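These are the structures, in structure tokens.
In the two complexes that follow, subunit A is the common piece, with subunit B as its partner first and subunit C second.
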Partner chain A sequence: MRPGILLRLFAALGYTLLLSPVVVVAAISFSAGDFLTFPPPGFSLRWYQQLFSSGELMAALRNSAVLAVVVAVVALLVGAPASYAIARLEFPGRDALAGLLAAPLLLPTLVLGLALLLALQPLRLAATWPGLVLAHSMVAIPFATRIMTTAFTAVPRDLEEAAWTLGATPLRAALRVTLPIAAPGAVAAGALCFLVSFDETVISLFLVGPRLSTLPVEMFRYAENRTDPLVAALAMALIFVALAVVLLVERLVGFQRALGRE
Partner chain B sequence: MSAWLLMLPAVLLMAAGFLYPVALLARISLNRTNDMGAMEPAHSLETLGRLVEDEFTWELAWNTATLAASSALMATALALPVALLIRGAAPRWRGLLSLMAVAPLLVSGTARIVGWMAILGDRGLINAVLAGLGLAEEPLRLINNWTGVRIGLVESLMPYACLVLIAGLGRLDARLEEAAATLGATRFRTFLRVTLPLAAPALLAAFLLTFVLGVSAFVTPRLMGGGRVFVVATEIFDLALETVDWPAAAAMAMLLLGALAAAMLLRGLLGRRAA
Partner chain C sequence: MTHLVLDRLTRRFPGAAQAAVAGISLELPKGALLALLGPSGCGKTTTLRMIAGLEKPDEGRVLVAGRDVTALPPHRRNMGVVFQSYALFPHMSAAGNVAFGLEMRGVARAERAERVRQALALVGLEELAARRPRQLSGGQQQRVALARALAIQPDLLLLDEPLSALDAKLREGVRDEIRALQQRVGATTVFVTHDQTEALAMADLVAVMNQGRVEQLASPEEVFERPATRFVATFVGRAARLSGQVEAPGTIRCGEALLRAAETPATGAVEIFIRPHHVRPVAAAENLLPARVLRRTYTGEVVSLECETPAGRLLAELPGGVPEARATAGDTLSLGFAAADLRVFPA
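Let's turn to the complex of A and B:
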């Protein structure tokens, strides 16, 4: 049945609510005014200039990017072997261990952040790189293993068995046959882990310190205390990076392949 | 054997960054805070009991539950027409319409709240329109209060409701609605008597998911509330980082986890009955 006029009207209301804040942030980041006034009194690039000339925010942007890359690498390094085992091998406790690798997503990030603070502070690991990498890995690994398990499951078993028949050891077959075929999944998993870490706010709020902070935390604090369009420019910087990563994945492997659907 | 070796790095990392911290959280909730404000090791339910006896805790719990319930209800209600539109749309539009419905998930929550500040603030879009029409002498106060938090939360929960409803409604048999129309039912009557009952399990699932997410939301209440709106999540944050009363923060977090576990259990029971 084709949607009626009333349904279209209510759906338009829903879409307006969903999309208006993003559209407004984009518009106001080019504001020439001093406040979050909408419509803006004029347009300029002054807030982007201010953003790029702020040493503090640029350091936070750098920290966030480095952290996200490291987290993606860690999540793939530990997630890929685990996903291979879950997808390919039979062993006691498989379901329980697979459940453990997804478990952190069941916990509110607020509670996970608090728990990590209580654990890392006494070890002097709060507000350090190892502490932040460990914390972000907890929310990245579930996505990495979910996607990689799907990718490995989609590789036909016959190919690996053919490699065995031709004399390859199981390790060699996994590394030379299965892994290359599952590579688009790994790219997608890495990109998603990058984005999860790059956008992570709540856990980081518990774990950053004066010397080491991330861009989402700086943006949160800025939005809490001040109301000028710099925070909108900051938000756009985050969106640009996320878009760049998504486009990169599209160029590298294409979404359909990355998600395992051809 | 080799399988466990492959799992080992991931499991060790999970033990260090998830199992140990959560166990420690539970342990610290049994500690005490002395008169000097320092943490004392103990095995007592004293901290938990103090929270349960405090009226403020119950006020927070009530605020949190009503905020999450009303926001989840609105988010589900507004996601329903979106999901129905996508279901009825021509296949070539479906992808774009679905992407638009979940696009906010790609944008950080803080960024979207900045957008809401520009829409709802004293000098924002809505007040500019109202002033332009001569409808309001004083700006409407739409942020830094419960209204702002509710609007922001509805928007941040909607993509999740859309995801659940798009998946759930896609499975419904459209021929039933066509049959109702053929038999002479109006659009509205078909919606009320055929579509809505068929969609009920998906609607319930969407409501419960968004309710659970709403109960533990932190960024929206904190930023849209402007420090004037208090819910369980903001209180846990303040106890941990402002008051630095770790046992109380941990105990409050345990209460939140208990409530969430109860909600999930309820979802499981209702889900089984619906299936």
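Let's turn to the complex of A and C:
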């Protein structure tokens, strides 16, 4: 059945509402003027030029990208075994573990950021790479666990049993059978963790220092002090990265399906 | 030579009132095919899973070739299992699936390739070695699963309802193929099924199971012709069921008629089972009853007659060619059957 005209109008309205700010920001990012005004007085690439020639912002972009990759890897390394245990094994405290892993999602990030600062400061880990990786991983792991648990649960149990009867130890069966079949879930989880870390602002605000900062934090600070369209260009850069990751996942998981699942 | 021994094997699932498998003991000679036959929930699959090590028994032992394997995990049992769903690895080719068990055993690459080829040739699928499970038909997937289970040269071949996912048309052919293959390879096999025809056609031994127990363990002929319990008599094959009263050992009063049976309880109320093919239109027999035809069903090779007799309702199955097979509803016949063909159980 084709959706009715009313539903389509409603959907169009929704999309317009959601995307119009992006359109405005995109337009401003190409502004030739000196201020955040819409419509822009003229179009140019000057703010993109300025963005790419700003040492501070480029350093922050690099930091954020590296941090997000490391966090995604850490979250998968921690999340995958934990998810496997939750999905497959029966042990006392399983529900408690699942709850514990989801707990950071329930805390306001402001509280989490403050708590992390208080915990990491005495360890001299504030404003360091390990500190940021740890903090971002805390927020990313629940996402990784949630997605991977679903992915593992979706793998039929008898595949693993078949692997056992063929002589695979439980570990080898998990690595050779369950994990490859759940791989699209892992790709999706990794991408989401990358984005969670890449966009994370509040916790980072507590933990960055003069020598180590992330892109969202720098953007926030920039917007606080300046009113030029550079921040719009920066916002477009963030959107572009997120879009690239989503497309990459689509490509990878689609590719995987074509190779392995059909 | 006894190859598989189940010794008082028992499994109780937590929270269940009744044991899923309640102390099963049986022995299976090397190279034989045992069918575990029973309705769903009778414990046959649980028994198979305990043999494979996928389920831990609460009591009892599993012995293979004299060795107690009860405590071994499945990966150390060397048993080839064909799952009801086939459980083929979707991310591997047919050859990859068959190679998996050999790889786990550390078989060198060259020998592995040769044994994979042999195993696939055994089931006639050499040409499809590179296909993924999704690119294979149900019957082909089933044969890959069989090749995968046989490639490891298992001590036991375990089949869990291997035909249930196939089209009815395919089933008979695959059934005969599996049986032929099993005999050629000489694999001692346990086969779970709820289909009596499958069990009778394939097995050397049939264990009829009900509520976690083996009701009868015997050859297919024995199970069919001489069911040991009321359950076996009702579950396997069709039978007319009459109720009666033992007048004297060997004589039962059944309605207005007296029937002679080879074996009866000494006294009391009984239930009598008579297989339709044991009932014949004859002039003389140990038991002879006048019968009025109530309904006639023509199925080509046989004609089924449902008849009213002084002993109760009888079913007679006659070959299509005999004159009595032309009887129609309302006709009266003389039906007879041997005393040895009656199965009598206390009611």
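Convention: the second predicted complex is superposed on the first by the 236 of 262 C-alpha atoms of A that agree within 3 Å, B and C clash if a C-alpha of one lies under 4 Å from a C-alpha of the other, contacts with A are read in each partner's own complex, and residues count from 1 in each chain.
Operating definition for what follows: a residue touches a chain if its C-beta (ideal position, glycine included) is under 8 Å from a C-beta of that chain, and two chains touch if they have at least 3 such contacts.
As the structure is a computational prediction, the values presented were derived from the model and not from experiment.
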Combined model on subunit A: subunit C and subunit B, fit or clash: fit
Which partner reaches more residues of subunit A (counting touched residues only), subunit B or subunit C: B
Which of subunit B and subunit C A:Ser197 touches, first, second, both or neither: neither
Which superposed partner A:Ser213 touches (first subunit B, second subunit C, both, neither): neither
Contacts of A:Asp158 with subunit B and subunit C, given as first, second, both or neither: second
Partner chain(s) touched by A:Asn63 [first = subunit B, second = subunit C, both, neither]: neither
Which superposed partner A:Ala168 touches (first subunit B, second subunit C, both, neither): second
CA minimum distance (subunit B, subunit C), superposed complexes, angstrom: 15
Subunit A positions touched by subunit B in one structure and by subunit C in the second: 170
Residues of subunit A defined as touching subunit C within the complex: 156, 158-159, 161-170, 172-173, 176-177, 180-181, 260-262
List of subunit A residues in touch with subunit B within their complex: 1-4, 6-8, 10-11, 13-15, 17-25, 28, 35-39, 74, 77-79, 81-82, 84-86, 89-91, 94, 97, 100-101, 103-104, 107-112, 114-120, 134-135, 137-138, 141, 145, 170, 195, 199, 201-202, 205-206, 216, 219-220, 223-224, 227, 231-232, 235-236, 238-239, 242, 246
Residue numbers on subunit C that touch subunit A, as the complex places them: 52-54, 73-81, 83, 85, 87-91, 100-101, 104-105, 132, 134, 148-149, 152
Subunit A partner contacts - residues on subunit B that touch it in the complex: 2-4, 6-7, 9-11, 13-14, 16-22, 24-25, 28, 78-79, 81-82, 84-85, 88-89, 100-101, 103-104, 106-119, 121, 123-125, 128, 154-155, 158-159, 162, 174, 177-178, 181, 187-188, 190, 216, 218-219, 222-223, 227, 233, 236-237, 240-241, 246, 249-250, 253, 256-257, 260
